[in-house]
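After this come two complexes, each holding chain A, first together with chain B and then together with chain C.
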Partner chain A sequence: MELISALLVQMMQMLLVLAAAPLLTGFVRKVKARLLRRRGPPIIQPYRDILRLLKKEVVVADNASWIFRVAPYVIFATTWVAAALVPTFATGLLFSWSADLIAIIALLASARFFLALAGMDVGTAFGGIGSSREVMIASLAEPAMLLIVFTMALVARSTQLSVVADLFSTFGVGLRVSLGMALLGLIIVAIAENGRIPVDNPATHLELTMVHEAMVLEYSGRHLAMIELAAAVKLLLYVSLIGCIFLPWTLAGPDSPTAAHLAGFILYLGKLAALGFMLAVFETAIAKMRVFRLPDFVGGALMLGLLGTLLLFVSRSL
Partner chain B sequence: MTSVAFLMLCAAALLGAAALAIACARTHAATSMVYGTTLAITVTAALVSIAVLVGLAAPAGLVLPIGLPWTGAHFRIDALSAFFLAVINVGGAAASLYALGYGEHEDEPHRVLPFFPAFLAGMNLVVLANDAFSYLLSWEFMSLASWALVIAHHHDPENRRAGFVYLIMAGIGTLALLLGFGLLAGADGNYTFEAIRAGTRTPLTAAIVLVLVLIGAGSKAGLVPLHAWLPLAHPAAPSHVSALMSGVMTKVAVYGFVRIVFDLAGPLPWWSGALVLAVGGLSAVLGVLQALMQDDTKRLLAYSTIENIGIVFIGLGLALAFRTNAMEAAAALAMTAALLHVLNHSLFKSLLFFGAGAVLVATGERNMDRLGGLIHRMPVTSFLFLVGCTAISALPPLNGFVSEWLTFQAILLSPDLSQWALKIMVPAIGGLLALAAALAGATFVKMFGIAFLGRPRSNEAATAGEVDRFSLAAMVLLALLCLITGIVPGFFIDAVAPITRQFTGGALPLQASLPWLTIMPAATSESSYNGLLVFLFIAISAMLAVWAIHRFASHAIRRGPAWDCGFPDPSPLTQYSGSSFAQPIRRVFLARTSATHEEVAMPPPGDTRPARFSLAVSDPVWTWLYLPFAGAIEFASLQLNHLQFLTIRRYLSLVFFSLVSLLLVLAIWS
Partner chain C sequence: MAYGLSFDVAHLLAGSLVLVSFLMITQHRLYSLLNAFALQAVLLSASVAWQAYVQHAPHLYVTAFIALVFKAIIVPVGLHRIIQRLGIHREIETVIGSGITMLVGMGLVALSMTVMLKVTPEADPLAREDLAFALSVVLLGLLMMVSRRNAVSQVVGFMSLENGLVLAAAGARGMPLVVEISVAFSVLIAFFVIGVFLFRIRERFDTVDVQALDRFRGERR
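And now, the complex of A and B:
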């Protein structure tokens, strides 16, 4: 019985991230449009976009290889698996022990590896520019993320995300300088990894400023739908991650009653809305950065992560 | 017959194969005969050493009445040497299998065939040796055999230069090891490892030995700043030998380091761990940054070897630091991580060198900027190369990730160290390791993306064909091993447990008994990773997505010209090249250093000449350390040259004064 309920939570979680991801993207777009005094597309527009793309035929460049056709599925699968391991509304995930935070980061790195390769597959200049800039940003964001994970792992004495969330929800951790730094760094990394303003503009069509869009320029139809969905899932993953580590009190424990799970679910949607709203406000308030100013921005996250880790090496109580 | 006697016979058989190769190197069947023989011998030796490692055969020793007259030659196999013998012989078997096909393309087989088995024999003997004399003799034999292989294609002046630099560095390395063994043996001069282990020495002496070994073994392994020869010499050799040098010989050096520092030297001061950590961290980051800047496929792989050796030494440094603080479990974890990375790196680096060799056979090119689009013409090689790239970039579920994950877990245990210097240093090393992992991903996106994807940049790349079956078989074997060590790492962790128990006093909990083949390095931290499940999850969700798409979505597919925002350019030169791909990272990490020199020659307005851009990337260690050092030696030798033109009277006084000063030194010393 216990196993079945745990399995149920895990399955629901996997479907939830898939179903809620386009909603979050649509919500952020809507809020951004309202802040700019536009009416904006309806919140469910991303679903419509994905369905429309699925129905269209795929146009593949003449010299595209199998990498080009396989990559969307690999990117989607790795991102989905990573997202399924981050607690959304309950911590009692059946398979959370199979991969820890470091593995989740590495899964996202796998998705990026194949996305960058797909960008280079057709052999166009835009694909190359996107891939080379993506790996440049990743070469700063990934170590920053690992150091942030170190900070949390040193407090919780485990890199296991469920252990971290369980511990942080008990109030026993208290306010810590190192965790404050980790939060700030995590937000910067989340913005960089998801290609939001000021790092990259998800709505851009100005070729020389784009990173993610340049890599997927050659994609169309169902392949593009998979990549768009994976991008939405990744945004949801980072928002859930911030939610489950820094606002863990709404999570239902592994053996709490169904009511707690239900409350956790509703509060989770509330968290998504709040964090999505903050993201939209932030994106509206600032301008996109020049590519070579990015190292200062993302490097800041690296420094914050390093400082946080260093503080915890000096004293576990900081 | 004992295991050690059998392995000695294998080494002797390899030497016999070398003799056979000399006898018949110019005949037609020599290539397949020699590589077939080495394949058979290395497979047998690998099986025996694995049997010793997992406890099916007993460790044993052997004394041969050769070598120094009053000691004889001692050989022994224990868990540590069995592990490294397995790495050597698996690598050797894969290289022999590969060479059955690759060797047919060799222009001058008589320059390669005799030295290949000799090189393998040398590496086996180093690991088997149980006294300082046989150890150093085998070490030199291994160096010289590999040197002969480096200059096999001696018509190329680059290769001759590489051989020269390698010979000098190998000489310095052996000299340092010789001095190290001298200090270990002490005044009694008993050179067997048993006697050295039993002897006592001050921590200071042990620390000096550590520094000497770091120079001796570190120069062979390619630690920064002693790495300068490696990116010259490893690519110069034929590709299967490059794979052996990068994938296996550097591991023999790691063996030397572990054997002397962990086993023979005795208790070390706490800062020895910090020293090893610093060298390892520096090697990891400088190695991968230089790798990213290379456009030569094999040189890129050679620099990436420096990075991976850095990761291994980070693990060993952590193990030393934990051991001096009596934290056995943590030391065992760090050492397991290092040993697993030794195995993993030998697998994927050999695979990648084989792939680079296959490209070399198919196109005759090592320069990435003249390749491209090979995925269409060499589909199998491309796929296997991609497996190697994913593994070395530390992406799950392949094996590179497992060893880096274990190293990270070891770093997370180090706040409990008691020395402040280590406490401050370890987070920085963790940051360097994370940076190296991310940059390695970028490096191999570049390598695969430029060489195998896109459109062909030269005729050779456009007309390449798939390579022979032997080469492919060797690559398939290594790719499978990469996957297996990635998804069931628990068995390999358990296999190295006797080694960590012997040298750190602790071992990881038995992993094979954990449910679902999970690995969990320390019972206290609850961190766990399950490669098998991650692999299955990815496979299942990808298949689910494919199924759903093909069930519900449109099937229509149309081929058309590339879109490229409406302006596709037919010239393949408009694609990104290797150096343009690396440009953003170069600008971020190396912009203010002297390592890169960019020059734009822009003609004045009205002039119709094209603008020219040139880029030179140099190794800062070479410019700032090696060249001044070589200059100083040249200056000193010019000064000393005057001593050759003295009168007899002055010679006599020179001899007299040197004698007096030496006697004075002796008098003050005692």
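And now, the complex of A and C:
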């Protein structure tokens, strides 16, 4: 009985991330449009887009190999599993003990690997450009993310997200400058990984600037729907990750009553809205960077992660 | 680990000092460099004031006040005016790329921490930590002096090096006030001398890029 209810909560979480992801994307787009004094598409537009894409037929290039056809499903599956492991409204879910933060990074990295492969598979110039840029950004963002994880693991003595969130919600860690650095670094990594504005413009199809869009240019129909949904889920994952580590007070514990779960659920939606709003404001306020300046920006996250780890190392070894 | 709030706040302030040092290394524009320097001075004065509060050493408040007035207000404003008079508020060139500079800086921070933690096993943890951070601020200031060509940013590197010295002195308990004040005044005088020199270099070579000096000495083609 206990197992069934735990499984139910976990299923709820998986369905929640899937259902809420396009909503978050739509919300960010709407806020951005309103900030530019445009009306913007309705918030549910991403759902409509995905449904329409699912109904359309798939056009595959003649020289596409099996990788091109398999990649969208692999990308979607790995991203979804990774999102299911991040505590959204409750900690200590059934699956959360099977994989820690490093496993989540590995899942996202394999999704990126397949996306880059698929971009190069057909052999168009755009796909190649997009893949090489994506890998360049990832080669800096991924070590930065790992260092941020090490910083948190040094404070919490665990890489399990549930343990980290439980510890951080009790104020038991004191005042740590390293955690501030980790937060800044995590925000930079999240922006870079999701292709948001200073790094990549998610709304553009201008050849010289695009990264993510260049890789998926050849996709259509249900394949494109899978990739778009995976991108939305990835954005939700990073927002929930920041929410669960740095605003952990709204999470329901593993054996708290249903009411606490319900409250955690509502507060989670509030967190999503607040962080999504901040993302939209940030994106509106800043201009896209040149590609060759990106290493400085993402390297900043790497530096913050490294410095945070070093500072913790000092205070730990005293 | 658990030294309570006083340790945590000192850690926070000294850690931010190191972070601002990194910020200064990566700045490409002179004005933002000066702003970062002013921020570092404010953080330094807060850090010294916290040491004064923790150590119950009222003379350190004077040090904090001197740091606030001289380094956070007078020197940045003066450099601002020098930059304006020289007309060089454009991008500064770095000798090596910012990525490499950052990596070297990381190495220096790691080095100073390992060295300081090895050398001072018996000291008070608060002082040890301040010394480790102060050494990294000093080394980062030196790094900035060697990695920049522009004479003004070299001056800023020198001043931030001095910030590190003050941090070390505040953590070490018992630097007399006389030394403190004389150091502050010598820095101010150095600032004036350097300012005069900047204008002389400019008059002679039409630039404050110190590579011109190398060429003049015949060291480079």
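Assume the second predicted complex is superposed on the first by the 315 of 318 C-alpha atoms of A that agree within 3 Å, B and C clash if a C-alpha of one lies under 4 Å from a C-alpha of the other, contacts with A are read in each partner's own complex, and residues count from 1 in each chain.
Assume contacts are C-beta pairs under 8 Å (C-beta built on N, C-alpha and C of every residue); 3 or more make two chains touch, one makes a residue touch a chain.
What you are looking at is a predicted structure, and each value in this text was computed from that prediction instead of being measured.
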item: Partner chain(s) touched by A:Leu306 [first = chain B, second = chain C, both, neither]; value: both
item: Which of chain B and chain C A:Ala153 touches, first, second, both or neither; value: first
item: Which of chain B and chain C A:Leu175 touches, first, second, both or neither; value: second
item: Chain B versus chain C as contact partner of A:Pro295, first or second or both or neither; value: both
item: More chain A residues in contact - chain B or chain C; value: B
item: A:Ile102 touches, of chain B and chain C: first, second, both or neither?; value: first
item: Which superposed partner A:Val239 touches (first chain B, second chain C, both, neither); value: neither
item: Contacts of A:Ser317 with chain B and chain C, given as first, second, both or neither; value: second
item: Residues of chain A that lie at the interface with chain B and also at the interface with chain C; value: 295, 306, 310, 313-314, 316
item: Chain C-facing residues of chain A, complex; value: 174-178, 181, 295-296, 299-300, 303-304, 306-307, 310-311, 313-318
item: Residue ranges of chain C in contact with chain A within the complex; value: 1, 3, 5, 7-9, 11-12, 15-16, 18-19, 22, 26, 98-99, 102, 106, 109-110, 113, 117, 125, 128-129, 132-133
item: Complex contact set, residues of chain A against chain B; value: 54-63, 65-67, 73-74, 76-78, 80-81, 84, 95, 97-100, 102-103, 106-107, 109-110, 112-113, 116-117, 120-129, 131-133, 135-136, 138-143, 146-147, 150, 153-154, 157-160, 163, 207, 217-218, 221-222, 225-226, 291-292, 295, 302, 305-306, 309-310, 312-314, 316
item: Residues on chain B engaged by chain A in the complex (per definition of touch); value: 372-373, 375-376, 379, 386, 390, 393-396, 401, 405, 408-409, 411-412, 414-415, 423-424, 426-428, 430-431, 434-435, 437-439, 441-442, 444-446, 448-450, 453-455, 516, 518, 524-530, 533-534, 537-539, 541-542, 545-546, 549, 552-554, 556-565, 568-569, 572, 574-576, 580-585, 587-588
